[in-house]
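So, here's a batch of structures to check.
Two complexes, one shared chain (chain A), two partners (chain B, chain C).
Entry: the complex of A and B
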């Protein structure tokens, strides 16, 4: 059935496109504008790639726009060794994976509890309490936090994960609560009639229905924890467990910057984000849009 | 049994079931019908499986490296924090040599200086620290963060005039030695030898000769001094520090000023208004010899342009030398101290303690830390470092600098004719760089002096005990 359906459908789409092209007029103003706008992404990316492939001599000459010739691939190897890349990468990946999973699990649970108990004053109050956390700038509380986490033995990547999950709850719960409210209570009631417990209702009905919001929260959590600098820099005591953004400071002295190694290293750190984006592009975009509307 | 009762939502169920079979949260568009779900699910599922495997792969090695620090099998692990990422490789080699001689000590180098204060907060500071020694480090010294090093044998190998640079900032309990200098940087005017030779200009030793040299270059269409005013700190360490240090007694001025505490009216002899007024015209004169558009150039623009020979002089310290050589391998450079008076004997050079070694007071590994510090201050380590990094060794009897770029200031450093930049005395809460920058732009000296006096008083009132 699948095989018979799909080709026919795509054929119809193709004919439609061809016919629309006949009377198609290009909006040159808009196209130009979009081309210029795309340069804001492409140009920095071009510089990053070009810089990563230059020798120090090539960086000093010309306008910087020139494509390096010959290409100097050794920058990547040198940056790999200098940052002890595999180790820093693993540490960053550890922080990121568990921050994302933790954010999804904790924030959705909190949101479900609050949204479905809205008539209780305690839950309404706790919503305001969580929201108010968004008004406290992070740098204000960082030193007490460091002291506290050190006492609890959390001055390591696990502590960074913990704080990422905790710090994300207020904003993520805000997103989730709005979404949970739009899910009809009748769905849950029917599950209750079938004998489902609260946990089962959440795990089997609500959480799957939260999928679009999970995508949004997951993306925020991923980008936030992968690129985070301040928290790991201050929190992780053992330099061997430090994350990539902090380790990459190596290329930036007070008075000199090793541009070619820095950009090679930035590209390597960026790679997972790019790969995930290319693989999950479709879901990312649809997830972001759904999140935006709700 | 109860599941069979859930038939009331016949269309909703298949979607749920496919969702429930996911090992991880399933994000993306909800399938519109069974066909689409069947077509897209396997790829998603495999993606999640990959993600799950990656997560597991991350966990296993990390759990192995948890209990690294501390003492294991009689080996003491030291943490050595240094704040110059560009010399990480040099210290890695030093550490390797040290560990070969001292198998019972392991040293971890940490260049993440942002972790120093957190380390103090969690009472787990690095054991050995090197920092540039100025206001901020002096603040730590006043609070007794660092241990007394006066009893160490290496403390007696340090040239007392360089140790004075550190003790001039104040000593804990009035007598302790909280830091030993490791590297002294001497900053003057970097000049392009070829341009000087082509125009028959000799290195000036008086202010008048310096101005005459600037006029010669200007007449020949060459920028006399490359200005990088966009980076305000370059104005502070260049024009401001050089002129004030060259004509005033900066160290004495700040000693008197701090002795007065918060009670400094603008008319007091110790005020900036009184003391610094005479230096301001010369700062503006220096700035006026910069190229057009200096306000939009930053430090790295300046390095690239000066490296390409676009100006005759550059008011930068030795840290810029490697960048200039990187921009142009064949450039011939020299350094001379800026003569601010017409008496060549009065000419002084700006120095700063670029690196000073300390041991934190709270370390539990004091003995091992002292052994490491002793090793760092062995002539072979400290002299080699300074030779390689265009700096001066603080040891007594250190060999003369062979770096041709530094020969012009070597005599001044050796004879102790130097000062620490006035700009380095200001706490970070006084935005001195910005005040100097706006003074150079709007040339309002009165406003500048009043603002600095007010700021100093405010900070002094706030920090007074």
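Entry: the complex of A and C
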């Protein structure tokens, strides 16, 4: 994680030092342009916050862009009750945590076995099979899939976990395989001479070395799972077990005009990923970048 | 596949081809543990991903409504789909939307990436802001934009005397799709920007120094240096983007719900409607056609990649 970032950061520090001597010229024109452009992201967010803090009267027939005075914090409490927030949050957290863990475990195991037995027909065939599944668009399998999971009693968050893990396995295994290949086999061989089994080699040597890729796969799995709407909406039969994004549909009823309540709820649904992103920003970006380059 | 039968098979293959047997790193029997790592996951994968696909193809040849009895009706579903104006309309909408969005996303993302890669102040902060949309739920984001399009924008338009925009563009049959493009770009641009940033950082600074010495202006440098050097990243973005935008669903649900009328109904939405609409087998046939079209596009794209010599 940090090691991969160090060269770049130190390079930047060096250019800065050199440039301050030679008069590094900040492109102020471009900086202004970028700041203005970033408003396209910030304005909708500001708007969401402003709306969430208003009373229906303050919204009235205005644009909704004005900052409310006084602030109306009750919306959050009302939205908390209306969406049964704790339950939806727990359901989403359940799906996300197990999808991330499942994706990490399954994809890395499969990738390790395939990468280390590349000359073997069965494993290479498995690779081609997984890869070819990437060409099947999701809408194609969804209808029979829903029937199948319902028959099996998997029309609940656990079923969603299964599909998040399996649906992402092709892409994740691809990322892992490229990484496992870069790990020298000699590292494993010395452990094997000391009597370690393949499981032990994987757990004690390979998996820790996969850390950067684990971060990348984990971030993708986290974002994909937390924000997924399609699968939970179609699969989870019991409305009480629905996830946060699906619960937001509640405010789309024809007769709903309580927008401030709706926006408070939207904000509460957005907050978790937003907070995680802001806190772990450098980490998230380098992880995603690694996925992009591979 | 029976896992146990396979090692023997390879062993004989190795016997027949001694040169290859030597190339195999280890001639030992493969540790069964490796099979335990792959077979259970692969079986689940086959059961949950491949099986539904096959079941879907099977039912596309029947008149199954999603419940009750059914019988084989051959290719009638397929024939009917080609005669169905609503389906045709959804394909036209989906392709026009996906093409437009791919172009706009890539232009915007490349511009942002160039900006972030230039000598700007507060780079980290600006970068943080630009990547926020990536972590937000597409559905919730489109609910927010839904209000902006149907309430805020008309009020503003009226205030500034722009009468054409005084009604919600989401209710306008001809303009609603542009709102969907806009929100999709908002959501998808950061992902593409990251790929472009990776591309821009792979271009060595010496290349630009040389161009500077030759007196090439910055626009010239972009056209003749940057663009060719990051072409591979552009190809990846176009392929990933186009494929994703073809399956667009959540943002349409959040903005128009497929309306007004059926103006913004995507193929994916049509297929999902088979779940409740009583035309299960019909939409399965639609799904198979959709699969064949996306497969064809993938094959063409792979060919293009190979010709360009870009490594993925």
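Keep this in mind: the second predicted complex is superposed on the first by the 248 of 294 C-alpha atoms of A that agree within 3 Å, B and C clash if a C-alpha of one lies under 4 Å from a C-alpha of the other, contacts with A are read in each partner's own complex, and residues count from 1 in each chain.
As a convention for this text, a contact is a pair of C-beta atoms (placed from the backbone, for glycine too) under 8 Å apart; a residue touches a chain by one contact, two chains touch by 3 or more.
Just so it is clear, the structure is predicted and the values come from calculations on it, not from any experiment.
Aligning the two structures on chain A places chain B and chain C in clashing positions.
In the superposed model, A:81 makes contact with neither chain B nor chain C.
Of the two partner chains placed by the overlay, only chain B lies in contact with A:93; chain C stays clear of it. Touch criterion met: A:238 reaches chain B, while chain C stays clear of it.
More residues of chain A are in touch with C than with the other of chain B and chain C. Using the contact criterion defined above for the overlaid structures, shared-chain residue A:251 touches chain B and also reaches chain C.
In the superposed model, A:146 lies in contact with both chain B and chain C.
Using the contact criterion defined above for the overlaid structures, shared-chain residue A:36 touches neither chain B nor chain C, since it reaches no partner.
By the document's definition of touching, of the two partners only chain B reaches A:218; chain C does not.
Looking at the shared chain after the overlay, A:128 reaches neither chain B nor chain C. Clashing C-alpha atoms with chain C appear in a single stretch of chain B, chosen from 44-52, 98-106, 224-232 or 332-340: 224-232.
In the superposition on chain A, the residues of chain A touched by chain B in one structure and by chain C in the other are 143, 146, 149, 234, 251-252. Touching chain C in their complex are the following residues of chain A: 8, 24-28, 30-31, 33-35, 37-38, 40-42, 44-45, 47-48, 51, 61-65, 106, 109-110, 112-114, 116-117, 119-123, 125-126, 129-130, 133, 135-146, 148-149, 162-163, 166-167, 169, 185, 197-199, 202, 223, 226-227, 229-230, 234, 244-245, 248, 251-252, 259, 262-263, 266, 269-270, 273-274, 276-278, 281, 284-285, 288-289, 292-293.
Those residues of chain B that touch chain A in the shared complex are 2-3, 5-6, 8-9, 12, 16, 19-20, 24-30, 35, 38-39, 47, 51, 54-55, 58-59, 61-62, 65-66, 68-69, 79, 83-86, 88, 108-112, 114-115, 117-119, 121-124, 299-300, 304, 307, 317, 319-320, 322-323, 326-329. Taken together, the chain A residues at the contact with chain B in this complex read 1-2, 5-6, 56-57, 60, 82, 90-91, 93-94, 97-98, 101, 104, 143, 146-147, 149-150, 155-157, 187, 190-191, 193-195, 204-205, 207-208, 211-212, 214-215, 218, 233-242, 246, 249-258, 279-280, 282-283, 286-287. On chain C, the positions that touch chain A within their shared complex are 1, 3, 6-7, 9-10, 13, 23-25, 30-31, 33-35, 37-38, 41-42, 44-45, 48-53, 55-56, 59, 112, 115-116, 118-122, 126-141, 143-145, 147-148, 151-152, 155-156, 186, 191, 194-195, 197-198, 201, 243, 246-247, 249-250, 253, 267-268, 271-272, 274-275, 280, 283-284, 287-288, 290-291, 294-295, 298.
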